[in-house]
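Letters A, B, C and D mark the chains in the order given here, with residues in each chain numbered from 1 onward.
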Amino acid sequence: MIDTIVLTQLLNGFILGLIYGLMAIGLTMIWSVTDLPDFSQGGIYIISAYVAYWTITLLNVPYFLAIPIGALAGILLSVAFERIVYDRLRPSGVLSCLLAAIALFFLLENAANALWTPKAKIMSVPETEVSINLFGIVTSYHRIIIFIISVLLFIFVHLFIKYTKIGMAMRAVAEDREIAALMGIDTSKVYIATWALGGALTSVAAILISPLYAVWPGMGTLPLLKALVVVILGGFGSIIGALIGGLILGLIETFGAIYVSAAYQHGFAFILLLLTLSLRPKGLFGRR
Amino acid sequence: MSEKKRLGKKSIAIVIIAVIVIVIGSVLGWYFMMAPAAPRVIKIGYSAPFTGPAAEFGTNGWRGISIALEEINAKGVYIKGEKYTVEVIRYDDRCEPTEGAAAVKKLILEDKVIAILGSHCSSVCMAIAPLCDENRIPGITIECAADAVTSPGHEYYFRMRPSMGLMAPLITPVIIDKLKPSKIGFLAINDDYGRSFVESFKKNFEGYGVSTVVEEYFERGATDFYPYLTAIKAAKPDIVFYVGVTPEGALILKQAKELGLIPEVKFIGSEEMGEYELVSLAGKEAVAGTYAISLWAPKPEIRELASKVKEKFNAPMHYAIVFGYDALHVLVKAIEMAQSLDPAKIKDALKKLEYEGLQGHIKFESFEYGGKLFVNQGRWTPYLIRWTEVGEKELIGP
Amino acid sequence: MLKVTGLTKSFGKLVAVNNLSFTVSEGERVAIIGPNGAGKTTTFNLITGHLKPDRGVVEFYGKNITGLKPYKICRAGIGRTFQIVRSFPNFTVFEHVLVGAISRYGPRAQMDLLKNQTENVIQKLGLNAKKNTIVRNLTIVDKKRVELATALALKPKLLLLDELMAGLNPAEIDEYIELLKRINEEDGITLIVVEHVMRAVMKLCNRIIVMHYGKKLAEGTPMEISTNRDVIEAYLGEGVAYA
Amino acid sequence: MAGHNKNNIYLKKSLFYPRAIRFLPIIITIVILIMLPLYASSYIVFVAAIALLYAMVAAGYDVLLGYTGQLSFCQGAFYGIGAYLSAILTVNYGWSFWQAMPISVLFVGLVSAIIGYPALRLRGAYFAVTTFFLAHFVYLIFLNEVSLTGGPLGFRGIRPPEPIGPLSFESMANGYLLILFSFIIIYALLRKFVNSNVGLILKSIEQDDILAESMGINTAAYKLLSFVISAIVAGYAGTMFAHFFRLLHPTTFSWFLSEMVVIITLVGGVGTLIGPVLGAGIVTFILEFLRFAPEIRYVGWAIALIAILMFEPKGLMGLIKRIGVR
C-alpha cells in the first residue's frame, strides 16, 4: 500500500515539476536575453487559462484546440507588453522594466478579478479526467497528456534554440547585447521572438494545469515565484537547467508537504533558492 | 537663470504639490461632511471583500443585499408616517483589517451612515466591532465565523449566524445520531475560520468519546490536496470534516475520489459545501453521497430567492446571499421598530427584535457558553444535509 | 615595492597571462606595452583583485595581496584607472573627487580636511573651472582626468594607468606627461602605465616591459627596447625585422 | 570661483541661499499636518496616519533603493516583524511599549543583517527575487505559528504606548501625532545621513559599484549598512502601527505591502528622499479616492502606475525637477 502512495506522489511531483519547468523555460529565455525577470508572465499565465476556459465553455471548442488558442492569446499579450511597455522603458534601466512587469502582473490579476468575478472556475475536461490504474499508480489520463506535451515542448524548444537562426540570435543576444547588435542582429526582432516563445510556454503550462486545479484570478502568483526559483536553480538561460530544476522543485514540494509540513509547502522553494544561491549561484547548468 | 531663482522655483513647486494634496483631501472630506442629507434617505454602509482571495464572499453578499434593497424600496420604509428610501454605500476591504477600518470610518464619518453591514472575514470584523462601539453606530456582520467577533462582545455589534464555537455543540448531536462515527479527521483551510472550526468540533466530539485521528491545514487558494488526502487515507478515519471555500471543497472531493477515499470515508463539508456551487464545480458524481453542514435548508422561500438570484445575476444560490438578504431586512425591521434614525434607538430595537430569517429564527441574545460571554449573538441550529445522486440537497437533520 | 611572480590566468583555453614576473621599485615610472590582447589589462585586473589569478603571487611592500578584494588592495595604496573610462555620472566633479578623499580618510574625517584635499587635487589637474559640472556632461578626456583625480585623491603609493593617453592630441599628451612627471617626482607616486602612444612611453618611462600573448617578451630602458629584435618582430610582424 | 559658468546646474549645499526660503514649504506642510486632527474627521486622521507610516517605510527604503541601487521586496516582512514582536513583548510579557519598541527595532536590525549579508552578494534581479521569497516566507511564519502570532485568528488587545507624563496616546489624534513626530524625527535623521559623507559613498555605489570598489570603498559593507537602516526604519514603523491599530493579522504584512512600498518610492521619485514621502501621500490619496468603485479600484490604480512609469520614470520628483529647471 505504502509504495503506491509514494509512486503516485512521485508522478504528481514529476508532473508539477514539468509545469514549473515549462514556465521556467520561457522565463529563463526572457531573463537571459533581456536581463528582465518578467513578472508579467504571471499575468499571462492567468489570462491564457481564462481564454482557454472561455473557448471551451462558451464556444465548446475541444480542450486540445483550446491549448493553441490560449497560447496564441499568451503570445499576443506577451509581445504587446514588449512593444508597448518594455521597449519604451528599456532606456531608463532594468529597474523601471522590472517594476512595469510587476505593475502589469498586478493589473492582469485585478482585471481578471473584475471581469470574470473572483469565483474559481473548474475547467472540466471529461475526456481526460478518466482515472486509470497504471501498474499500481492511481492517476488520471490528463496527467499523462501533460507529461507527453511538456516533454515534446522541451525537445522542440531545445532544437529551436540550437539550430534555428532566431534561436542562435537569441543565444547571441543573451551572451552580450552590444556585440550581437554590432554583428548585425536585429535585437528588437529577437526580443519579440523571445517574448513570443516565453508567452506561449507560460500559457501552455497554465492551460495544461488548469483542469487539474482551477482557474481563478489568484492562480498566477505561486507558479510565477516557483518558476523564478527554477530559473535560478537550473542556471541562467539554460533549457535543460529549467527542466531539471523544475523536476527537483516539484518532487521536493510534493514529498516535503507529506513528510515535513504541509503548511510550509510553498516555503521549500525559498529554502531551495537560498541553498542554490549560497552553494552554486550560477545554478546547475548556468554559464554566467 | 541664477541659482537663487531656480532653487526658489523648485521649492515652490514642491510646496504647490504638497498643498494641493492636502487641500483636495480636506475639501473632499469637508464636502462629504457637509453633504446636505437628501430628503428622507436612510444611508446604510457595507464593507466587504470585493478584491483579493475572499472576493467571492463580498460579491455574493452584495447580491443578497441588492435583492433585499429592491424589495424594501418597493414598499418604502415608514418612520413617523414619512416614507424613506434606503441607500447602501459599499466599499472594498480586501479581507484586510486596515482596509476594513478605513472603509468603515469613511462610511461613518464621511458618508454619515446610520448603520453598518459587514464584513465577511473575521479579521476585518474584529477591526470593525470596536469602531461601531466608539461611534455608537450599530453594525451587523454578514458571516464572520470566529467566536472572538462577539466574545468579548461589543454593545453595537451583532451577529445573526451561530459562531464556530456555537455551531459545533448544536450540530454535533445530529451528526452523532445520524452517522455514528468513532474516529474523525479534519482537512481545514489554515485561517481563522478553519482553525476555530476544527478546534470547536474536536472539543465537542471528544465530549461524546469520539477521537480525532488526523488534522491537516492547507493554504487559502491551495489546489493540490493529494499530500493531505494521502495522510488522511493512512489515518483511516470514519468521517472527515473538510473546511474551506467551494472551489477548494470541489477539488478535495475530486482528488479524494481519485485516491479512492470516497465512498470509503464519509466526507462532511463545512457550511460552504452545502451550496449548489459545490455541485457545479465538482460535478454530481464527486458530490453524490457526501454530507455538509448547511446554513440554509431547501425551504420554498429560499427557492424563490434562488430563482431571483439566477434571473438577476445568473449565479447559483450561496449562503452569503441569504445572509446579505436577511441582514438588510433585519436592519430595516429594527429601524421601523425604533421609528427613528437615531443609531442608539436602532441598536436597542435590534437587541429586542425577533425575525424569521431565511437562514433560521434570528434573535440576538447575550449568554454564557463554554466559558465565553457572547453578546448580541444569534443562535439557530444549522442543518445537516446530504447531496443526492441528482445534485439536490436532502435534509438529514435536525 | 611591487613584486609579481609567476602570474598566470586563463579563460577556458585562452591563456591571457602566462607566468608573468616583474618587480617595480619605489619612484619608478614603468610602462607595459604590447599589441592588443597581450594581457596588459588582465595583468592590471589581477594586481588590483578584480580577477583572481590561477597561479602566481603579487606582493606589495613584501605583503602578499594576491586575490584580495579590490577595496583592500586599493586601501593598501594602489590606485587605478580603467581602459574604458568609468565614472559616477550624476556627481559633480567636486563630489566625484571627494569620494576618493572620503575613502582615504574615512567618512568621519574633518570636512575641511577632505575639502582642501579635494580642492588641491582638482587644482593640480586643472579641473577648477569645471568643479561644479555634472560628470555626465563632460568630454571623454575630461572624464579621464576626473577619474585620475579621484585616484589621486586616495593618496596612493602606486598608480596603475590603463591607456590614459588614448584619444588625446599631441599637445594634451605632452601636458599629461608633464603632469605625470610632477606627480611622480613631487608626490613620490610610482607609476605603471599601459600605453600604445609610444611618444608618451619613451618620454615618460624609465623602464618598459613588453608583453606578447601573455608572456614577458622583454624588459629594459626605452633605448634597449627600441632596438630589441624580438620586440620589433613582435610589433611589426615577422620578415620585416632587420636593424 | 571662476566666473559664472553656463552649464552649472546648481550647488546642492549652496551657502548664499537664505535658509528660511528653503525650509518654508516644509514648515508649512508640517503645520498643516499637525493641525489635521483639529479640522479633519478621524477617517482622514486614520488614513493620514497609515500614509505617514508608509512614508516612513518608503523614506527608509529609498536609502536602499534610491541611494544604493538595491531593489528589495522585503520591507513588508521587516514592518511585520517589528509589529508582531513589539505586540508579543507588550501583551504576552507585559513590557511597556517604550521597552519593547527599541528591542523589536534592534531585533529587526539583527535579522536584516543576518539575511542581508549573504543576500547582498547577489546581483540586481537575483537579490530582488530572493527578497520577494523572503517576504513570502516571513508571511508564512506569521500565518502558521499560531501559538506565537495568533496566526489567522489575529493578535488582539494591544495597548497603545504608555503615557509620558501628561501626554497619553489613548486617543486616535494623539496616536497620529506620535506617528507624525516620529516621522519628522526619522526623516530628519535620514536626510542628515543621506547628505553626509556616507550618503555620498552610497550614491557612488548606486552609480558604479565596481568603480566604487576599486576606489577603496567596501561596497558589501555599505550595501549591508543601507539594507539594515531601511529594515530598522521599517521595523520601527511596524511597532508604531501595532500600537496605533492595536490589531495584527498576517494579511496586513503580505507581499502586497512590500510591493506597495516599492511603488510608492518609485512614484514619488527614487533617490530624493522627499519623493517617496510625497509618493506615499499621492498613492494613499488615489486609493482612498477610488474607494467608490470597489471592483475596479485596483485595476484603475495599476493602469495609473504603468502610465506614471511610462511617462515619467523618474517619478514625481523628476516631474518637479523638470518644471523647476526649465
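Quick note on the criterion: contacts are C-beta pairs under 8 Å (C-beta built on N, C-alpha and C of every residue); 3 or more make two chains touch, one makes a residue touch a chain.
Here the structure is a predicted model, which is why all the values come from computation and not from measurement.
Fewest steps needed to get from chain B to chain C, stepping only to touching chains, is 2.
When every chain is reduced to the mean of its C-alpha atoms, the one closest to the centre of the whole protein set is D. Averaging C-alpha coordinates per chain and comparing to chain D, the farthest chain turns out to be C. Chain C and chain D, compared by their mean Cα positions, are separated by 43 Å.
Each chain gets one centre point, the mean of its Cα atoms, and the points for chain B and chain D are 34 Å apart. Work out the mean CA point of chain A and of chain D, and you get 33 Å between them. Within chain A, the positions touching two or more other chains are listed as 110, 113-114, 263, 266. Each of the following residues of chain D touches two or more other chains: 8, 11, 143-144, 295, 298. For chain B, the set of residues touching two or more other chains reads 51, 190, 217, 219.
By the document's touch criterion, interfaces exist between A-B, A-D, B-D, C-D.
Residue ranges on chain D touching chain B, taken from their complex, read 8, 10-11, 14, 16-17, 21-22, 24-25, 28-29, 32-33, 39-44, 46-48, 50, 143-144, 146, 151-154, 156, 245, 247, 249, 251-252, 274, 278, 281-282, 285, 288-289, 291-292, 294-295, 297-298, 316, 320-321, 323-325.
Of all residues in chain D, only 2, 5, 7-9, 11, 196-198, 200-201, 203-204, 207-208, 210-219 touch chain C in the complex they form.
Of all residues in chain A, only 31, 35-37, 85, 88-89, 92-96, 98-100, 102-104, 106-107, 110-111, 113-114, 225, 228-229, 232, 263-264, 266-267, 269-270, 273-274, 277-278, 281 touch chain D in the complex they form.
Interface residues of chain C, counted against chain D in their complex, comprise 48, 50, 69-71, 74-75, 80, 82, 86-91, 95, 98-100, 102-104, 107-109, 114, 128-130, 132-134, 137, 150-151, 154. On the chain B side of its complex with chain A, the touching residues are 51-53, 55-56, 59, 190, 216-219, 221, 223-224, 226-228, 230-231, 233-234, 245-247, 250-251, 258-260, 277, 281-283.
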